[in-house]
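Heads up, there are several structures right after this.
Here come two complexes built around subunit A, the first alongside subunit B, the second alongside subunit C.
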Partner chain A sequence: MNLIVFPVILNLFSAFLIALLWKKSKIYSGIACLCFSLLSLISVILLGKYVFQNQYILYYVGGWEIPIGITLMVDALSYIFLLVLNFILPLICWFSLTYMGKYVKSSYFYILFSLISTGLNGILISMDFFNIYVFLEISSIASYILVAFGLKTEELEASLKYTMLGFIGSVLILVSIGLILGKTGTLNIADFMNIAIGMDRIQLWFILGLFISGLALKTALFPFHFWLPDAHSLAPSPVSAILSGIFIKITGFYLLIRIVSNIFIMFSESKIIVMGLGLSSMIFGALMAIDQKDIKRTYAYSSISQIGYCALALGIGGYWGYLGAILHFIFHSLSKSLLFLNSGAIEYKYKTTKIDDLKGIEDKMPYTTMTGFVGMLSIAGIPPFGCFWSKIIIIISAIKAHYYGIAFIAVVVSIITLGYFLKLLRNIFYSKDENPKINEVNFNLLMPMVLLSIIIFLGGLIFSPNIKIYIDKAVSVMENFSYAQIMEK
Partner chain B sequence: MYIKIFLPVFVCYGFSILNIFSFKLKRDIRKHLSTIGSFSVLILSIYILRIHLPLFNQWEKISTFFAILISGISFLCIVYSQWYNPSVNFVYDSLFFIFVGSMIGVVLSSSLIIFYIFWEIMTISSFFLILYENTDEAKSASIKYIIMTGTGSIFLLFGIIGISFAEIPNLWKHILFLSIFIGAGVKSGIFPLNSWVPEAYPTAPTPISAIFSGIMSKTGIYAFIKFYFAIFQPNWSVIWENIMVIIGIITLLSGVLLALIQHDIKKLLAYHSISQIGYIFLGIATGTSIGLLGALYHLLNHSIFKSLLFLGSGVLIKLTGSRELEKYGGFSSILPFTFLAFSIASFSISGLPPFNGFVSKWIICQALLEKKTGISILAMVISLLGSALTLASFIKVLNDSFLGVGKGKIKEKISEKTSFLIIPLGTLAFGCLFFGMFPGLVVNKIFAPMTGNIQTLNIKLINAVSLWGYISILIFFFLYIYLSKSVKKFKEKNVFVGGERLSYEITDFDGSHFYKTVYETNVIKEFYEIEKKGIFDSYSISEKLLNFTSKLSNKIEVFVRDEIYRKGRDLIYFITERFKSFQNGLLPRYILWVIAGLIFIMEVLKRW
Partner chain C sequence: MNKGMSEIVKTISKIACPFILVFGISVIFYGHLTPGGGFPGGVVISACFVILLLAYGKEKVLSKLSLIKSDILHDIGAILFLSVALIGFSGGIFFLNVFNKGTLFSLWSGGNLLFSNIAIGIKVGTSLFLGISLLSMVRILYKGDKIEFYEKEEDIK
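Let's turn to the complex of A and B:
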């Protein structure tokens, strides 16, 4: 199936084409990037039919069979991640068309943006440890540069910290991949699974430990998360939206799902570790988010807390846990991208994101306020919005697995989430201010937010039976898909 | 049902809109517009329903009967209101038509949800009609009315939703019956739910009071009859039957006892309304077709004589500008026609032969007797007692307002000789006599198709009642002859006491003081004392309950705010401060954390 390579190829092509042709033009580079990300979305949509008809689709690059060549694979789980990724990317690109105009060389942004897209799409379609590592590095390095895109002192500092810690994570992953190659002599996941079934767990636990640590760092789970608040709050807002909305979920969380539930199946305690990490980062992020002085920093800590929910659900496992993890991934990606775009819109007009300097936005920017309202209430878990459903399913899964304490903590953290978002809403949006100069942002900035908030608002629709079938397929991939099946055919 | 059936409703709403658009017209023209509109509604409801009548079943015939009753009484009331209140604006007429139209809609709709929609329109439009005069009294009464009937509507809606399920468990059936009983009962004003009645009826404009008492309370009865007889079968639960009889007795007795001590004429009539509703409920509670016959007959009679009484009291109010009985007196010379009509209505409500109240009370008593349970016999005895007390009360009213030597002060001279007054009062008075004198005819022609199996009716009974009617005609005839001869033979002498000539003011005793004797009777006094404390007033009780719960919840809120919320917030901020020290901006510290996490994970995996 050739279609499988298109998301990667198109974005990579876009990066090089912009670098070659439209490096000097702000407008053309943006439009080209938008067009390519839309094309990539179309190719993903076209792919859907084949993915759900078969259990998974395979593509041998160059026709080489499994142990030798590069193998690409998309199943229901990675397809849902692909769809969310390629849905959010064009919207962020659209937003950037106006927002990035204030930077001098915004065409470089689009090159790096395309590279991030390439990397993220590549991670999702690879079935090869080394391929995954390569794409991880492509997207990570692009993101290190993007965090420092404004070239201010604090941005550079944040980028430096992010780079250092990110490299530690990459190295942990790289070492574990090296150990895999040394132990089994293969890098293909399916091949590795075939060999690993016969192996003793003593030979594998170190590899797993390195993997989980490295991926926890990429996901920003509790003791590994310290780079995130700086990087995500100081990057340009569209970059924050990519990083917080999808980057940490695909480079970290998606791979964690694969490692924990599909690859290292024999280690059942790895789920407990993930659950513990998720629980602690859920609490930590929420508590830290309360007392921040910057909107984007609040959002960044909120991201830690919410990715904690995802990891918690993954660790709890079972049908409800996996369903909760996937749904929370979907809705949190949408909501957090929306919130970061929203803070970008505010920053575009007010030139600041400090909570103390912002007042009475509701009067001047009603649509921005509405979309921000939707995003915040969604993440806080207020009923009609998307995250309510995922959170309630996560809590149900905890209760069904008899973790009553964890369910209680999840509810309390949700209340704290509501608390800090209500604080933001009251202080920033619904307060009095006499500064009359500011007005609503323009169409390009507004429409991505409006689209995202409409989807979040209609989040309950995802439970209509004809859509739930597809999510159930992804859940069944998490529950009982094994890469060893591929080799048997 | 056919859409054609709803034509009267549509015409009502049409005239309502027409009234809004014609607000620039002169009052004289709009007066005729409203009259014509109401009359056309009456004609339409008779005509349309007449066409479809053979196709109807028993319950649709009852609907038809109610529709004609509503359009008839409302026609008379709007004619009267052109005389009573000539300066009203278009809002009044418009609301009036909405009100009447939705009442007709309530009784005609065969779908429960349409029924409920009309029911709500009726409640809301009547709320605005009570509020129309916009005095403080009207405001408080209308708010009480809308709260109580609104609550009732919710109960009714609950019941409607409940019975629309196919299979109802037995317990649920009881709950649904209770909620429908409450919903219909609030509207009709049965015992514990009637505290809005003595406030809303008097404060509404008099023609509206007549409609409220005459027909709006009957829509509650209608709803209850329909639900009780058609959906819940009668006799489905002995307990409920007994409860209904007991409630009927209490409604009857409390209404009439409270009416006895009233000074306000409209309030007195309102209490009598409650008492008469008690009679109707007793009839329904028997669950037999003769009981239903009695209830329907009494309902018809009550709407006739009670609207006549209200309209008559309206004449007095217009004359004196007051509702206090003490300010009336000796008006029979000024208002001979009103006096005649009012006394006919008074005798009717007291159940004197040959007026219509007698016949229907007789039938209800008969139904209660045929039931042959102890409680129904008791109910029959009490209903007789209630009748006697009603008579006493109305003798007081007649004495205070029309008879006696003129001490009433006249505020505004009015003329009785206008067709806008004579037509309503005359028609209603004629109705009182007609339905009382020809009960056999009325029962066979009108009520027999509605009450179902005619064979179960005791034909002899009807004949006996009819016989009473004819006998009473004879008695009246001879009485008239006797009186017309004897009245002229009287002597006029001055009154002397101890050689001193007394003034008229002293000799003319006040009826309301006379009834202090009633007030001070042993058992009854206890009742009044209890009533004063507001124990029977479900509204004030629930108000107190609400106050109590709001205070309680306030205390809980203060507790939650001070104890739980503040302490929880302090705790969270305390933890946050500790956590903040982790994020101190030092890269080596971050890397240490990463290594610590790595070691932790490794340890867990190794030792498992």
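Let's turn to the complex of A and C:
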């Protein structure tokens, strides 16, 4: 089962190999990064067969058994996250081959990109609190640098703000991990689950509270969201696509799923907290996105709103809630990466992302417009596209759990989402402008967007029982799986 | 012009530096037997170069360990550590200690621990030196919206 470590090894190896050999070359560094991320995608695809045959697969690093060594685990839930992550990363890397060419030291981008991939893959495969923290920091520190990659004053300011708040989030998580180690003497999640049953509830509540607030900072849920719009809108577009598309979902949302539904299962009240956070950030993000002057800022606020949907579905719980959370993660990751890449393509030609300066893109860049159209309508929840299914399932889950008010709010927020995206579509894509100089972007920029929009379109159409079997396995992990089962065997 | 600190500091650091370097190397090599290991040893080694940097100025220390060389070395350190982990695959498991363990309490008694300590020592020593020397040598100025880098104090106007 050595395949399980390959996503981490390949990306880590890629980072230092590029740093050693191809630091001076823009082309070779990009191609090497692309090759390694494709290899890690292949290893994840090969892993799939084993994951779905068994309930989960364990891997003892160095052959050390559970309480002593580091244990890695992949189950259906983390496998779906791994697959989406490793599918999006090569596409973003492909997009960057042309886009990052305008920066002087673009080979450094690929080094940091590989480190982010290492961290995100590592979080998904580890079954150890401290390992999770280490990989969280690897990916976070790489992302702090990437936000400031353009070295403009405002980018540095955004990066500094992001760094400070990110560190506060990391410290909250680290303190709770320290308390776990102090109280139980173990960092392995399965081992902790066995010991935690007999522990004092107030101490566990304190640990859980620190964990949830740290993760809410990383996920940018409502009261903790204020670093996100700056960081995600000022970073280079491929970086925004990573951060908004998958980074906040894995460093925050995935761990929130694990904490709320698999680790601290004795506290069903924590779901209400997550639901409240999700509901407030859903409303707030949508309201703030309406009147923004910059496309990328609109997308960033939209991310806050949509991650609120994910958290709301997680908080509602039950089969439909969990199904909605996972589906919304998948389709929103794809759509938001697509939208940020799209804004990158526009920025590449127009040199700006201000809404007032962009007009009539449809005449000059028809394919870019088409992909942007798909992404926006998908997030707004228009039927043939992916996010329609996830949103309707979230609304169904709210109704099934008798939260009629929340279901109503979810519908209203979805309409607001459609509103601000229609405003963007009308103002920048389908309007008149006589500026003949601009033409369609080249192949490297276009193909990743086209591939992503095809996946979003097909994902909405072929959401059939064949695919649902696999997602149901992930849902059953969220519903029934407890790490304590691992120790019993 | 006489660069660096006073003659007393220079003499003391000239005497102390070889010992600090050897101490750092011993901390790395005996990491699996005594307190210490790759990381503390690497920090001690980089401290040796930082003392040279403070006492003599940058020319002297860069003639011994140039920035490009330490840049290459710290990548090599990371790749070495990864390859120590990859050697485990020859026994079937990532990070497996496939070497024979030797006799207890001798230098060769930890299998791959020795190699991983050396790799971490190289990585930490060079990258800490790189970080400190870049912070002390490069000046960054904001001019409106642009940033400019200077390597010499005299270039700043």
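Quick note on the criterion: the second predicted complex is superposed on the first by the 487 of 489 C-alpha atoms of A that agree within 3 Å, B and C clash if a C-alpha of one lies under 4 Å from a C-alpha of the other, contacts with A are read in each partner's own complex, and residues count from 1 in each chain.
Here is the rule we use: contacts are C-beta pairs under 8 Å (C-beta built on N, C-alpha and C of every residue); 3 or more make two chains touch, one makes a residue touch a chain.
Since the structure is predicted, the reported quantities are computational estimates derived from the model, not experimental observations.
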First, second, both or neither for A:S270, with subunit B first and subunit C second: first
First, second, both or neither for A:Y144, with subunit B first and subunit C second: neither
Touching partner for A:W320 - first (subunit B), second (subunit C), both, neither: neither
Subunit B versus subunit C as contact partner of A:Y350, first or second or both or neither: neither
Partner chain in contact with A:F113 - subunit B first, subunit C second, else both or neither: neither
Which partner reaches more residues of subunit A (counting touched residues only), subunit B or subunit C: B
Touching partner for A:W94 - first (subunit B), second (subunit C), both, neither: neither
On subunit A, the residue positions that both subunit B and subunit C contact, one per complex: none
Subunit B-touching residues of subunit A, taken from the complex the two chains share: 160-161, 164-165, 168, 172, 205-206, 208-210, 212-213, 216-217, 222-224, 226-227, 229, 267, 269-270, 272-273, 284, 287-288, 290-291, 416
Subunit A partner contacts - residues on subunit C that touch it in the complex: 72, 75-76, 78-79, 82, 85-86, 88-89, 92-97, 142, 145, 147
Subunit C contact footprint on subunit A (complex, rising order): 2, 5, 9, 12-13, 16-17, 19-20, 59-63, 151-153
Touch list for subunit B against partner subunit A, complex: 572-573, 575-576, 579-580, 582-583, 587, 589-591, 593-594, 596-598, 600-602, 604-606, 608
